[in-house]
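Letters are used for the chains, namely A, B, C and D, taken in the order the chains are written, and counting of residues starts over at 1 for each.
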Amino acid sequence: MPITTAYEAKIERISILDEKGNFDEKLGKGLIPDTDLVKLYEAMVSCRQLDQVAFRLQRSGRMGTYPQNMGQEATSLGASYVLRKDDWMVTCYRENCGLFWRGVPKEAILLHWMGDERGNAMPKPHWVTPIYVPLGTQMLHAAGLTMAARYKGEDKIACTFFGDGASSEGDFHEACNFASNLKIPVVFVCQNNFWAISTPSKINSAAPTFAQRGLSYGMPCLQCDGNDLFATVYTMKKSVEYTRSTGLPCFVEMVTYRLGDHTTADDASRYRDKAEVDAWKNRDPITRIRDYMTARKLWDDAKEAALLTKVEEENAAAVARAEGIDAPHRSDFFDSMYAETPQDLVVQRETMHTHSLGQDPSQLPPEAQERARQMAAEAAAAHANH
Amino acid sequence: MPITTAYEAKIERISILDEKGNFDEKLGKGLIPDTDLVKLYEAMVSCRQLDQVAFRLQRSGRMGTYPQNMGQEATSLGASYVLRKDDWMVTCYRENCGLFWRGVPKEAILLHWMGDERGNAMPKPHWVTPIYVPLGTQMLHAAGLTMAARYKGEDKIACTFFGDGASSEGDFHEACNFASNLKIPVVFVCQNNFWAISTPSKINSAAPTFAQRGLSYGMPCLQCDGNDLFATVYTMKKSVEYTRSTGLPCFVEMVTYRLGDHTTADDASRYRDKAEVDAWKNRDPITRIRDYMTARKLWDDAKEAALLTKVEEENAAAVARAEGIDAPHRSDFFDSMYAETPQDLVVQRETMHTHSLGQDPSQLPPEAQERARQMAAEAAAAHANH
Amino acid sequence: MANLNLVQAINLALIQEMEKNPDIVLLGEDIGVNGGVFRVTEGLQKRFGEKRVFDTPLAESGIIGLSIGLAMGGLHPVPEIQFEGFLGPAYDQICSHAARMRSRTRGAFTVPMTIRIPVGGGIHAPELHSDSPEAIYAHTPGLKVVMPSSPYDAKGLLVAALRDPDPVLYFEPKRIYRAFREEVPEDEYTLPIGKARTVCEGTDLTIVSWGASVIQCMQAIEKSDKSIELIDLRTIYPFDMDAVAESVKKTGRCVVVHEAPLTCGFGSEIAARIMEKCFLELEAPVQRVAGFDTTMPYYKLELDYLPDANRVTRAIEDCLAY
Amino acid sequence: MANLNLVQAINLALIQEMEKNPDIVLLGEDIGVNGGVFRVTEGLQKRFGEKRVFDTPLAESGIIGLSIGLAMGGLHPVPEIQFEGFLGPAYDQICSHAARMRSRTRGAFTVPMTIRIPVGGGIHAPELHSDSPEAIYAHTPGLKVVMPSSPYDAKGLLVAALRDPDPVLYFEPKRIYRAFREEVPEDEYTLPIGKARTVCEGTDLTIVSWGASVIQCMQAIEKSDKSIELIDLRTIYPFDMDAVAESVKKTGRCVVVHEAPLTCGFGSEIAARIMEKCFLELEAPVQRVAGFDTTMPYYKLELDYLPDANRVTRAIEDCLAY
């Protein structure tokens, strides 16, 4: 038999509650209890509202660049809902909804985008890593964190999120390959929102799916409608089950869409058609669940109004907490460089307002030392006013 | 339909002349004309003999570390035979047989391993790149070279070779992804010889094949018996045809085996079983063709003896040419840093034997300048004797 | 002659050189339809077509690796790395390949390529968007490293880079992308790579700087009543040590200013060379005003990290008081 | 007490610390059954099992990225990068992540990790197997960089690294892996990271060096009739400037010796600091004996590239003649 089959593969796509409101009973029935569904819905609404708040903060100069999550809430939320709270969730920067579900404080995320590292000092019990700006790098850390947990006898798994764009980075390949070959239980979730800033997803992959990125490593791969919370939950259940029971990684593509600009620094109208965006607005993960709940009498306008009031208050409080924190002291960035600050850094910190770096102050004549002290005092006063 | 098929794939494996001598007439008939077959055989034997010569050179201190090609001659040779002579062939370091077939002078390869950059100054008409020691990095250059050719209206394609180990590098992923998405006609050939130094190929991929690495990018993928010259030629014909006609990349795995140590610095008996090696010795690409030719009366012992004499002479002549070249002058490495050597480098070159780097010689007292000149003369004399 | 900011000057240089040289191609993340996240390549895809100006997959090693191949194949690629913080993934292709190709092949293959990279702090950007890695590349033989500090220089240096037969890292200080405009000739001109500019002359002290820091130095000089000479290196490698040495031999004192961390920053090389070349003329140790030896902080504290006119002034005083 | 070479001393340190600390795991290319291409990890997989000593796929960024995760997860990984030339692909994970994790999370996550890397030239190796990139990492805040020059130091410094709460690059000069043996105590000892060693005392001139170059310096000193003090830095960052300054204040003259290229090599930082700290005591400019600003040549010419005792001698003479 000179031509034989060396390998065959098939990837399935999961959809349960589609954009027209069709609900697949077979897969969807009992998948999410009604009480949970309401809470999940509320979480999505809250996350969406925070996007708007953040947008306004940025526009009024109270926050730096911010990436909105709008339209993608069901992806990370579905994963977060399915994962155990002590599984690692290792994300990028557009997974707020899933992080908040785990209990990550909103002000932590806000602080990050307000240019304050203290937003990254995530308390460990949430088993999340801080926001990663450099793309594609976090999946390897997810693999390492999980391997460390297994080494210590814990049965944790990890779920790591990354975009269609990020899946082009070499580190993506290395992470999947390490997890597969070293047998590390990680669920890799590619959040395909069709764009990487202005770059359409076909420039990041000409293949029919992103799900097939996992075939390279022999992983089981699934694709799902990422705007369908039921589908993301179903797909994550299957995937988490597989990974927890075998100790092996698997691969998921969630197909979704970024309804907003890439970040507040971006203007998406430069590169994509309104028609495309409008079409996707009709596939919004939030309205889809609201319609479903309304039809099933789980939800009504009064509840919606009450919810909006509540999330506005909650989010305003989170902003207040983020903005209420004392400014970091001006030499704060010296203090977490090493467990023990090297002597040279201590000198740099202590003389940062009085001398130039190479200067050994004791070499200066007394008048110069005095002038240096004066300048430092003036600078401190100026800083206090700025 | 909540569960639909998002993607399906199948990879075929090609084998024509198997290790038992079975020959598939359907695929193999007329594939390689007899006159070519004889020449190809001779090329493999010559390459194998050079391996032995190089090994001895290294052991006697006349050459540095050298990677033998033994057992893998049919992979690059099959590719080289099929490619047009003006297609790019962008290889790693274990593809001598294919390079020599294109006309790359043997002394160029020898010089490289003798620690002499002049071995890399490959004349462009061979459309090959120099040996690449850093793994995984050359595939991107292959893509760029091909894109440049297309930009200039040439219909070249490229074929790039890399090992099972190298396919784990991030750059491998980026090269395949760029070629696929930017539509660059490159045939990617993974030469799976089961080992990356001491690391078995399963640590570099737990998947059933390396061929499926290409599925990630939606490329057509083929696997073949890499020790079967007919199969490598057949597989390359299909692949080159596809790539040249569509302008798109495709992916090939050639399954072969490294019969020797990784390099002359390695001792493979530390990490692999003799039984495994012996089994593969029975699948040797050279004996397979010899047996086939003998059965078909294309070859006999007298021809074999004559060939051995001829290649010994030829290879000895190549060694003589490599060793006969003048030693590079001692400051040779300054001269190809930039098209125009910066002034500071000129000074470094001119004072390399007379002064310390930071020294502005004119600052020194005349006696010191004189002493520096003397020391330089002594050093030059010492060098001449070493 | 037009009144242009730095972004416009670069854009103009690209247009004019691309019109002259059909072998120049631009590639990178979001440089096409979007014109780059800083709009430096705005309008170029429309003007020159998708074959000459194209978006790539999101992978920096890929961008540089592909560009190396393009250059080896006879083109002059101009890859953009979106922010200097994302040079990291491309480090290997730049330093192990682009930088070495000519020398390892003794000239058989060369890599004429201009890598464009926004660099430095001061724009309230997210993490890894505010660094200054020029010393890393200055320490890598085979590369040239350029950093303009004004629109006029930006155009002249970029045109020179686009005609250079070797790989050039062209760092664009994002803090001054739009900070000011100046007259930039429409007509062709180049500024030689490797030559510094004396911004202003003086006799008491020399300041050596490059990129956006030059602006902070000018502010400090304005406030000072001393006679200070300011040298803008323009090129980090090969650097114009003759200009620096000549000035310091005259003034006897020197302050070097840059954003990158102090230790092993390019200021250390300048200081070491000044000692070597001007030992007998030096009246005080060279003072360095640089980023501290810490990670560049997130933006709440970036102004406390970056050298500013105050810190330059302190260094001037320290140096003169010595 | 045993008479060990550098390879054996490292091997011993690994064994002893792994026995004490179950959180230490070793990973890298070919470090398991094969014991590493230099046999540094010989026997360790057999001794500690495949869970603690394992081979990885061939991908350096992956090795470091995985190790970062392991460290964040509470282990102390010891990744090996097979040769310093292959640090390139791992540059981003080292400099953008390992180095920044503690500071960007204000201590919530830390990366206790010891990266072992054979370094430097002189063994007739192929291309990219003979470089000296220590300055690159010294310029990256958040890392520690160590380079022993003898078996005794190797053990003491490695044990310190394995107990350090921050990422340490531990460079192993391959030229002296087996060049000589010395007495290495079986008993536990550490050498503090950040402290230099005065190899020999002298009054005429100070030599500062590290790694394999220390040996060339000792040869030069032996041949010299001057009274020369030799300081082996041992740690490149944080470096022991106090020891250097104290010595140079005494001798008034200094030569720095390293294999890496001159420009922006770590020698430039040492020179700049000496000027800052010892300006009034200096009698001659600090001389640097370093690799030239070229790509490290293939091995036929490597001895012409690398600093040797002759070049050190010339620098001593130049410096004393000044």
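Convention: a contact is a pair of C-beta atoms (placed from the backbone, for glycine too) under 8 Å apart; a residue touches a chain by one contact, two chains touch by 3 or more.
Keep in mind it's a predicted model, so treat the numbers as computed, not measured.
Engineer: List every chain that touches both subunit B and subunit D.
Structural biologist: Touches both subunit B and subunit D: A, C.
Engineer: Using C-alpha centres only, name the chain that sits farthest from subunit C.
Structural biologist: B
Engineer: Report, in whole Å, the distance between the mean C-alpha point of subunit B and the mean C-alpha point of subunit C.
Structural biologist: Chain centres of subunit B and subunit C, defined by C-alpha means, are spaced 38 Å apart.
Engineer: Measure off the straight-line distance from the CA centroid of subunit A to the CA centroid of subunit B, and report it in whole Å.
Structural biologist: For subunit A versus subunit B, the centre distance works out to 43 Å.
Engineer: Based only on mean CA positions, could you tell me how far subunit A sits from subunit C in angstrom?
Structural biologist: Averaging C-alpha atoms per chain gives centres 33 Å apart.
Engineer: Specify, in ascending order, the residues of subunit C that touch 2 or more different other chains.
Structural biologist: Answer for subunit C, listing residues that touch two or more other chains: 56-57, 59, 61-62, 85, 88-89, 92, 96, 103-104, 127-128, 141-142, 263, 271-272, 275-276, 279, 285-286, 288, 292-295, 298, 322.
Engineer: So which stretches of subunit B touch two or more other chains?
Structural biologist: If we look for residues of subunit B contacting two or more partner chains, we find 117, 134, 168-171, 174, 177, 181-182, 203-205, 333, 337, 344-345, 358-359, 363.
Engineer: In the complex, go through subunit D and note every residue touching subunit C.
Structural biologist: These residues of subunit D touch subunit C: 61, 85, 88-89, 91-92, 95-96, 99-100, 103-104, 127-128, 135-136, 138-142, 237, 260-261, 263-269, 271-272, 275-276, 279, 282, 284-286, 288, 292-295, 298, 322.
Engineer: For subunit A, which residues are in contact with subunit C within the complex?
Structural biologist: Per the touch definition, subunit A meets subunit C at residues 64-65, 112-117, 133-136, 165-166, 168-171, 196-199, 203-205, 265-266, 270-271, 327-328, 330-334, 337, 344-345, 348-349, 352, 354-359, 363-365, 367-368, 371-372, 375, 379.
Engineer: Within the complex, which stretch of subunit A touches subunit B?
Structural biologist: Touch residues, subunit A against subunit B: 2-16, 24, 26-28, 168-174, 177, 180-183, 202-209, 211-218, 223.
Engineer: Going by the contact rule at the top, pick out the subunit D residues touching subunit A in the complex.
Structural biologist: Contact set of subunit D toward subunit A: 25, 51, 54, 56-57, 59, 61-62, 65-75, 77, 89, 92-93, 96-97, 102-110, 141-142, 144, 164-166, 194, 238-239, 241-242, 272-273, 275-277, 279-280.
Engineer: Residues of subunit C touching subunit A in their complex?
Structural biologist: 29-30, 32-35, 37, 55-62, 85-86, 88-89, 124-129, 255, 262-263, 271, 285-290, 292-295, 297-302, 304-305, 310-311, 313-315, 317-319, 321-322
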